[in-house]
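For clarity, chains are labelled A, B, C and D in written order, and residue numbers in each chain start from 1.
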Amino acid sequence: MNSTAADTDIAVPRGQTEGSYLTDGYSVRSWLLSTDHKRIAMLYLASITFFFFIGGAAAALVRLNLIVPEGLLGSAEAYNRLFTMHGVIMVWFFLVPAVPVTLGNFMIPLMLGARDLAFPRLNLLSWYLFMAGGVVTLWALFSGGLDTGWTFYTPLSTAYAKGHVVMAVVGIFISGFSSIATGLNFIVTIHQLRAPGLTWYRLPVFIWSMYSLSVLLVLATPVLAITLVLLAFERLFHIGIFDPAIGGDPLLFQHLFWFYSHPAVYMMILPGFGVVSEIIPAFARKSLFGYKFVVWASVSIAVISFFVWGHHMYVAGTSLYSALLFSILSYLVAVPSAIKVFNWLGTLHKGYISFDAPMLYALGFVGLFTIGGLTGLWVAALAADVHLTQTYFVVAHFHYIMVGAMVSAFFGGLHYWWPKITGRMYPEMWARIAALIMFIGFNLTFFPQFILGYLGMPRRYFSYPPEFQVLNVLSSAGATILAAAYLLPLGYLVWSLLYGDKAPANPWRATGLEWKTPSPPPTVNFLVTPVVTTGPYEYPPPERTSG
Amino acid sequence: MTAGSGLPHEFQYADASHQANTAIAGMWLFLATEVLLFGGLILCWIYSRHWNPVGFDAGARQTALWIGTLNTALLITSSFLYALGVAFMRVGNARALIHCLVLTLMLALAFLVLKFGLEYRDDFARHLFPTATRFALTGAEAAGGRLFFIFYFLGTGLHGIHMLVGMGLLVWIIRRARRGEFSPQYYTPVEVVGLYWSFVDLVWLTLYPLIYLVGRG
Amino acid sequence: MSVQSPKQSLRTEVARLVRLWVLLLLVGAVEFGASFLPLGHLGRPLIMIPAIAMIGLVAFGFMNVTKGPVIVRTFAVAALFWLLILLALGSVDPLTRVNYTVPTPDQR
Amino acid sequence: MNLWLPAASSNAPETDRLLWALLLMSCVVLALVFTLLLRYIVKYRATSPLDRGSVSQKTWRLEVGWTAATLVVFFGLFVWGADLYVRLFQPPQQALKIYVVGKQWMWKVEHAGGQREINALHVPLGRPVQLLMTSEDVIHDFSIPAFRIKHDVLPGRYEALWFTATRPGRYQLYCTQFCGLDHAKMTGSVVVLSQPDYANWLARNGDDSTLAAQGQALYMRYGCSGCHGGNGVGGGASGSTVRAPALVGLYGSPVALAGGTTVIADDRYLHDSIVMPQSEVVAGYEPIMPSYAGQIDEEGLLKLIAYIQSLAAQANP
């Protein structure tokens, strides 16, 4: 807790205090070498959007190929490399970093009443590591790519796959350190730089979800790093720890890989919980129902998500007892998510709900996440998973969570804090249209895949038996609508940068420290450090206006 | 901890002791990530030894026990010397700190010379590198032996890299101490690098039995 | 510490460190000796117990995990807890995995 | 477009019942969530003048209630799923054993009687069948959606998968673990025949020799008889100068190894002893057997193992 009483120390001044962080230097150098968490968040927002559209383009080609049973693109080689590119780019360069590095980077110091993150230089290094990893991975993908899928299972990835496996692995390895740096920065900041009076139970749930996410980032990514080193070693020296020819165990790779990759999927959804827990109280004008339960649900997800990775390997040949153990633990980890959904509904109860764009995205999130979470229970049941795993049912399940829930929350958060970030209001009508199109396009794309999965269509198939064609064509049609829905916000948000009307400090009359500073905030965030005296969501019922 | 008043500190901290605590907490969190990094390797050790008991332990018997044991003693002593240096610094004796750090650096150099100069060269000479066509161990011990030496070279190699980084930090701290940047009120960098150095010693304390002792039976 | 003069506090600190150093070398010797005991293949990992003791000594003695801000202890405990999760849950599979079992002659 | 998947194996109906229960539970919860969502959106929209009354802050009773409810439902689902899953690990005693070898982008199937199939599997109706599967290169996955089963096929290990076909017909077979370029072409069909049809099929497709007979041919060609003696009577007995362990009666019985441990002579042990002979040397014998890795492929190994297994049957019928 920083004390402002005896401020006899010489606070090394930094940056001007009038005007906003956007007007504090216009040169490229002032952006690329800035250690201001807000500018780094903007650099990340540009990189994230760039990678999102590359991964999206790969997805569009994958869906294009699946319109006809024998594969429209004509070559399985191209298809295999495309879905690998879609997986690698989306997982490591969009979904895992998206909310924490853009909205998290921008909002955490503001919500804590701090002037910046604990280690600003480490924050800038994190962006450069992310871009370095991105460039290396893109170079690997565009100079031929690799056909191992984003899961890199051995011995396919180490002995039999052609393509730039080691270069892609190096790219992901470097971007892993960017995640570790960001997570470390967030955890230390949330512990050390809270405003006076801001106790743990007065923190907004977004901060709690960023804290839980950072625990995952910091403790899971190193295991991915060592796994990728072992994989690169085995591929380069043609002999390694996973090589069955010398008594190695390919299942060891899967254990190490999924020890990271299951927490990774919780890294993707936890920020969504945080954003939605901010938006729903703000637009229902009511404090969050069961605040402590939602908080401890986030923290327990951060812990239990490390116990469940074995449910990816029910049919991989692991022992019966480990499968039973992972199944019961997987059901345990589903309970906190259920608690959150009930609490969001509780918040809406007796609220004063308005339907601005962020609220539409949040309501979409609640609906789609419920479907995604419930289908997670299907694949957690051992016998059902034996039938459903490695089919399009699993593809639909994780896309409902990653695209339906997570990307909606990212867009919701982006719209909710857009006035604070850029000082401009986005066009409300266009935003609502985009939200609705995204909801429709998404469901049309991925709901048919549940049925395809039950019927047994395997994932990662370039061509498929003709009886699945109709559902695949439906899914591809939905993908085009979804692509349009993603281009719309790019358009009107950029438009709002120039022509959007000026945003007040608190357009949504929301609670939270970030709304107590002008939009866009000055470089030092707060001219006078705020003192917190109330809880996070003190929304008074609106006074009875005439209407 | 360092008294906080009257010292420059970064603008986002309330005072210098707040910044010092944050730096130490940050280093401990970084060490937590390193624990998980080497944890992945230990899981490889468990799997490889479980599936290839005879060959794995045969590989362990090929390692030079005396070099490993001597290196362990060297690293423990270097950690001790570093802590000694910090104790002297706390009472303001920067010269003693520099002496201790230089001694720590010498021991670290001795470790590397023993490890990479002597032991690795001997391992290569005896065809112990796992990809060697004429691998030293044959027959029943070949497969498990190769797996052991993959773990051995990766573990000691990764630890060696961490040693080099640690020695770089040591040189950086020695140069700053020589320039008199540290005082009993402000010596946080010395403590933070000390944490990292002791952690590198901890990693060796786990690798040493896993490589040299457990398979020795 | 406040009542002692800096000279005395230095002396007690140096004495503590020397005692710790000697203790570490002793436990190291115990570990070295234990490696020659005729433990069976499954008993060999017991040699890790003195190693864990040495790790504890270094963490508490040299790295002062208990002195300093509270979150230092939480991060250290968190690191140990997650390491145990990785090693324990990761080992359930190989230790209980049964290769394809052949019906014994009389069952056929 | 058909939305219906045939249930053609003994465990398929049970798996379907579990899937229907999961669907029902999901629809109930979705109905609850969506109706509440829509009701609150309409009833409590900002512009509605409805008096909201006081908002209760004592939430923990509700929280504990729905948390406990979800825990109970989840535990029930876990037990149900686990119960069916455990049965997949317990093949019945008299299961018909068929060997499957996965190779990059094709399935090779070997029947005990010597019949061989590529990307096809003919099985009798109503009799438990146990597939003994291994891979020659990467990890594949033998998946039959109509039987609701699949299992990964790992290189260097034997994986077992059993089922009992209950309805005749032709069902789709997939490889569902990504295995490279033509992963999508590594499909086939599982044909379930009634008992008489199956017997005719075996007769029609069986070339002259059974798997064991083909194994004996390999046993002679690769010179195993030189050391292990004609039909595996053992080195000393058959008068050959080299001392090699007897193979008669070996299959499935315990073997004392040089390292002091004993191991059951199962398929894995025989497979590894041919490919890496010095990995588990029999007590009292010198590790002089040459390795046949690379010379005999997985199919040949299956034949030799079948031959050794047949020796055990002759020795103690």
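By definition in this document, a residue touches a chain if its C-beta (ideal position, glycine included) is under 8 Å from a C-beta of that chain, and two chains touch if they have at least 3 such contacts.
None of the values given here were measured: they were computed from a predicted structure.
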(Q) By that same contact rule, can you tell me which chains touch chain A and chain B alike? (A) C, D
Q: Could you say which chain's mean Cα position falls nearest to the mean Cα position of the entire protein shown?
A: A
Q: Name the chain pair with more contacting C-beta pairs, choosing from B-C and B-D.
A: B-C
**Q.** Cα-centroid distance, chain B relative to chain C, in whole angstrom
**A.** 15
Q) CA centre of chain B versus CA centre of chain D: separation in Å? A) 45
**Q.** Rounded Å distance between chain C and chain D, as computed from the means of their C-alpha atoms
**A.** 41
Q) Where the CA atoms of chain A average out and where those of chain C average out, how many Å apart are those spots? A) 36
(Q) Residues touching two or more other chains, restricted to chain B: which are they? (A) 21, 25, 29, 32, 36, 39-40, 43, 47, 51, 55, 142-143
Q. What positions in chain A touch 2 or more of the other chains?
A. 191, 219, 223, 245, 249, 251, 255-256, 259, 317, 320
Q: Provide the list of chain D residues touching at least two other chains, using ranges where the numbers run on.
A: 157, 159
Q) Can the chain contact pattern be summarised as a line, a ring, a star, a complete graph, or none of these (other)? A) complete
Q: Please give the residue numbers of chain D that touch chain C in the complex, ascending.
A: 93, 132, 157-160, 249, 251-253, 264-268, 312-313, 316
**Q.** Residues of chain C touching chain B in the complex
**A.** 6-7, 9-10, 13-14, 17-18, 20-21, 24-25, 28, 31-32, 34-41, 44-45, 47-48, 50-51, 54-55, 58-59, 61-63, 65, 68-69, 71-72, 75-76, 78-80, 82-83, 86-87, 90-91, 94-95
Q: Using the touch rule from the top, collect the residues of chain B that touch chain A in their complex.
A: 4-16, 18, 21-22, 25-26, 29-30, 32-34, 36-41, 43-44, 47-48, 51-52, 55, 130-131, 142-144, 146-147, 150-151, 154, 158
(Q) Using the touch definition from the top, list the residues of chain A that touch chain C in their complex. (A) 191, 215, 219, 223, 249, 251, 255-256, 259, 306-307, 310, 317-322, 325-326
Q: Over in the complex, which chain B residues touch chain C? Could you list them?
A: 1, 21, 24-25, 28-29, 31-32, 35-36, 39-40, 42-43, 46-47, 50-51, 53, 57, 69, 72-73, 76-77, 79-80, 82-84, 87-88, 90-93, 194-195, 198-199, 201-202, 205-206, 208-210, 212-217
